[in-house]
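Take a look at the structures listed below.
There are two complexes below, and they share subunit A, which is joined by subunit B in the first and by subunit C in the second.
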Partner chain A sequence: MAASRGRRLLWHGRCWFSQTESGVPPQPPDSLYPPIVASATAKSKAAKRRRLEHFNQRVHAAASIEEKLRLYGQLQRPKYMLYPQTFALNADRWYRSFTKTVFVPGLPPRAAAAAAKAPGAVAPEAAETPAGVAPEAAKAPEPGTAAPEAAKSPELAAAAAPCLDMGELRSLACDALLQESFYQNKKRPFLYRDQDHTPGPFLTQLVSTLAAFLCGRNPLLAASSLDLKPQVNYYWHHGEEVVVHGHRKGRVDPVRFQIDDNPHLQIRVPKQLPEIVPLESDLGDVPVIDHKPSKLPLFKKQYENKVYIGSKVADPCCYGHTQFHLIPDKLKREKFVRANLEDQIEVVYRANGIASLFAWTAAQAMYQGFWNEADVTRPFVSQAVVTDGKYFAFFCYQLNTLALTVETIQNNPRKNICWGTDSKPLYDVVEDGSVKGFNDEVLLQLVRFLLNRPKEL
Partner chain B sequence: YPLFQLGGPQLRIFRPNFFMLAVRPGVPQPEDTVQFRVSMEMTKVDIKNYLEKIYNVPVAAVRTRIQYGANNKRNHKNQRVKKPDYKVAYVQLGQGQTFQFPNLFPDKEQDTETRSFDDFKNKYMEREKQRQKGDPRRGGVPDWFGL
Partner chain C sequence: LFQGVRQAQWLTKTKLVEGLPPPVLSIIDNPAHHPEDHEEGVKRAISHARLWDTTEVAPRREHYCPVLFEDLMHLCRLMSVKYPSLTKRMLARNYKISATWERESILLQVRGLNGILMNSMAPIPPVASKEEILATEEHVLETFYPISPTIDLQEVNVYKELNDTGKSSFRDGYPYSHPHTLFFLESANVRPNRFRPEQLRAKMLMFAFGNALAKAKVLYGNDPKVLEQPIVVQSVGTDGQLFQFMVFQLNTTDLVSSDGIKNLVWIDSDQNLYEKAQCIPEVKKRVVTKPAGIYGFQPDTFKKFLALYLHGTV
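After this line comes the complex of A and B, so read on.
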């Protein structure tokens, strides 16, 4: 829909009479006269509709995905830039209304029961008898019945061939942490560069070692692609507004948004993660905000309308698995605590999760040829971990619909769904070469995220 | 007053010479946003401290902009007359508080009886007569009569 309003510029010299137009009433074959349709160049609503139709047809009939993306983002106009990592107050509520997302606190039971599916079972450290645990089939039985218990504890997952050694995983995590913060002799961090000094390298090291360690359990990870500081971009329309200033004053325009995100790490896989809930499920309400987006505050700029998942269209790893985001220095916890804004700390994590995952899943869907006129036929699922080095928050996103424009949203009952947790600390403090207060739950959740894979694998 | 040293008792209170004027927003603002016209020299930090310390209003965020006053009007000498510039502050309240600018000019209660012109005339005459009468405590004696 982006280029719809600019179609009129391309009519010069183009013999469009010879093309078949949609919206043409079917003519009997023996009709002598050409079909009677509205003008395509007049300043009328019918003409605008006709131009829109023509544009939609062009995009539908595009030869390749690259061509489709090029036409989709061809017309450049001022658009709101959404930043996933933002200091704006209550940003997650606004972002949910822009992306038609329902937020469900807590992770879906499927993610908790993924440990049952995975051949990795976590035997608690206390009851450590690896030999004693009877190995069962790798495809654990009845994940449905196991689901209620899976949420509780790893006991249920005490069923699997090679059980995951919690101690080994913990030692991997602690090694990475100590190496970055204790053993390595680093100078003092530069001003406002604390996050790049220790938590950034720690996160990279942790994820790469864990991913390599779990490759044996999860063949999807073995075929995955780990990106460092990739770009993720998405451009979409949602809602309508009247142009206020300029030569286009008074015209009704769609509200355009663009997300340009730079996650710290990203894992892309060749196969799609399985859906969490059916496509048409309704798990809550989308907040409706009838103020202009600029009140958030959000600002407009005009530049390239980019849709990108981290790799180009021809890359085989075109589906997303997990993203890892690092909270920047501007949005650290201490700053919010000092400014008496404790409730906004969680808002930062949620806004980051919702915006980044929406952009990623929607870009993945566009890479498969879906767009707001051709809505997705299967849900796109991705995961994300948002952290500031010590506190980890986990998010799961299911994209059910791309149709967010004014025309397509009217009869669309589908909503996108985001599950997310609050931020929990991984450890309490690092001193004298040891990690105090290590939290196994958080590491376990991270491992479960990495082990997530489609059922047939 | 003794000279003030850091950490000593604060014996004097300085009130700032700034004034903040709460205004009705021209465009609809979110519920937690209040719009003020402030002095041009105030900063965001100043505004936050002003509201928190003097009025105990929890402030979460402040954004400011300067509104340029137009210079297009002309006076009788054809000189340009400038409207003054002013700074506008958008204050987002903390702790989930909301603010709605009140309606300062509510519609007055209309009388329920029929409002014919004669009724209006009678009421007006009564009000005029009441005004002409002097102080009721003087018992009808005119006010030029006295010491």
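After this line comes the complex of A and C, so read on.
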């Protein structure tokens, strides 16, 4: 009885309260009650969304890049390990779909335009330049000496650039090759380690001498850092799947990938290479694969989620220039030919180029603070040369987007782009102290790769 | 080697001079060879090797020692912009040397798969003047009686006296035929596996001597004689922090007797490139006392490294 009277009193009181309320415009009660949000610990989709948002906020608000990387890779779950050097059939199509990459055969036109100014074109250019410039252009063939200061006119710059002495470069390359394969007496190669015996040291020797030779023309190389056998790692999510077995069975999880790469050699520079095409360009289609990634074959393992470009975040040389990869003995050309899989030879080179360069450029972007919720605002460009000692294939990669997760990929029209060539031989055979059938084209392309630099330098 | 450098001196009939020879010192003092950004480059190289080059917290010595060496060589090679003849150099890794000689009726041989050799097309000109060479005649080699000079050497039955680098290491017609500098990297993680500085210097001396002797036999034949054109081979040894520099000049291949003209060696030992590399900041009572970084950097050591690299072409 007393209770019902009390309730009636309360009810009247509340009525009276609300009547006065309607007269005044409702104020947002920001301090009276806390905002009503989904629970953070319940087993519901709203709670999962809230947890995800909280995680994103934490990563956005991280104090330093190391902290951001630590939070990004904090949760360890089973993930697919992607190997850039793989024997899987048609691996490059699968890798392109995992990394949202478009493959464009041939190298980008910018590199080809630089080729037009190559030594082959010195004579017609010297004829075009005005008479006052002709004496300098005539002196141009001497290596490095006649470099007119501060290119006053584009013709001067075009005439000064192509004084690359092909003879000098060819002799450097041949000397390195001959030393490693012919002159130095080494023991017999260890079983299945042919690549460490001759092509490995040859590549190291060639790149280090060429880089030193060309650093006069490319000041970026003078400030560069040369790494031997560095590590490159990247971890990302792409797509969704349902967990098949275990205590988390039935839940929808992102598909996680990790690349752990070991290039033979890499050059890192303090300034970024210029973009090849604008950020939003669309040069082709990304293949869509309906199967699970494990059909490639790809296998899962759970270990530390590493993101690493070759050195820590504190290093000033935080952008990549060129990587050099050596194809291991398992993936030799002869093995593919014997197994009647000639078309897969190029696939090996392409898969290596795409996967390694994606991992490197994406890790560089993460070192600058971008991640899949904070997509890149400028494209990241790097180059790679994949070789087995005799055959060279060149790749150029532009990273336009890091947003590959299910939530972020929906409204993302950007695609990453990879340009690449087929593998061509550098020489035919080495016998009796001389190199037969040396191919200048391949060497020239290598030199052009090394000379690549931002426009203001 | 038990007595270290003294024993090696007796075995190779060499006179020791402290410090580096005058031509090398003049390269060091020449300011044209040291642009300012070199110091920055060297500091970056040390930081890269000691602090940044690993996914773990701190790299171990067998990782950072070769990385530091490669970075310093990269910096030296960039000088070839100014001196084009520097491109006429070739590095040979994992190469084999063997040389034999007789010393007071004891047959000695140096053999091994040692370090890294840098070859050049042109030989290094002799660093000591004729008078100095003649003056070594009066110098008496130290003996450590009653300890036999061959203590701690492995006695081996040698059936084939393999002699010159030309035969066992490089084939004829090799264009980069003059050994220029030998590099030794003591990169074992555990201290007992590494050579102590004294032993490292002795090892450097023996191998430099071996290379020079092999080259002399190729050029001048196997007869023991005094060389008119002495052969100079340099040597650098390091454990990632301490550097030992050595310039060896072979004046004579007449090694049987202990009199007459001796060979010369200039040694600059125990040069620190930096004092300490702090990977993690040192924190005492929640206050950072020593932030991470490189402490005690000494630019002179790199100047000497560079001078030895440039020697012969400048």
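Following the convention adopted for this analysis, the second predicted complex is superposed on the first by the 379 of 457 C-alpha atoms of A that agree within 3 Å, B and C clash if a C-alpha of one lies under 4 Å from a C-alpha of the other, contacts with A are read in each partner's own complex, and residues count from 1 in each chain.
FYI, a residue touches a chain if its C-beta (ideal position, glycine included) is under 8 Å from a C-beta of that chain, and two chains touch if they have at least 3 such contacts.
Everything numeric here is computed off the predicted structure, so don't read it as measured data.
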item: First, second, both or neither for A:340, with subunit B first and subunit C second; value: first
item: Which of subunit B and subunit C A:205 touches, first, second, both or neither; value: second
item: First, second, both or neither for A:186, with subunit B first and subunit C second; value: second
item: Subunit A residues touched by each partner, larger count belonging to subunit B or subunit C; value: C
item: First (subunit B), second (subunit C), both or neither touched by A:61; value: neither
item: Partner chain in contact with A:297 - subunit B first, subunit C second, else both or neither; value: first
item: Subunit A-touching residues of subunit C, taken from the complex the two chains share; value: 41, 44, 47-48, 51-55, 66-67, 70-71, 73-74, 77-78, 80-81, 84, 86-87, 90-96, 168-171, 173-176
item: Parts of subunit A lying in touch with subunit B, wherever the complex brings them together; value: 89, 289, 291-292, 295, 297, 339-341, 344
item: Partner subunit C, residues of subunit A touching it in the complex; value: 143-144, 168, 172, 175-176, 179, 182-186, 201, 205, 208-209, 211-213, 215-216, 221-223, 225-228, 230-231, 233, 306, 308, 310-312, 314-317, 433
item: Contact set on subunit B toward subunit A in their complex; value: 27-30, 32-33, 58, 60-61, 63, 92, 94
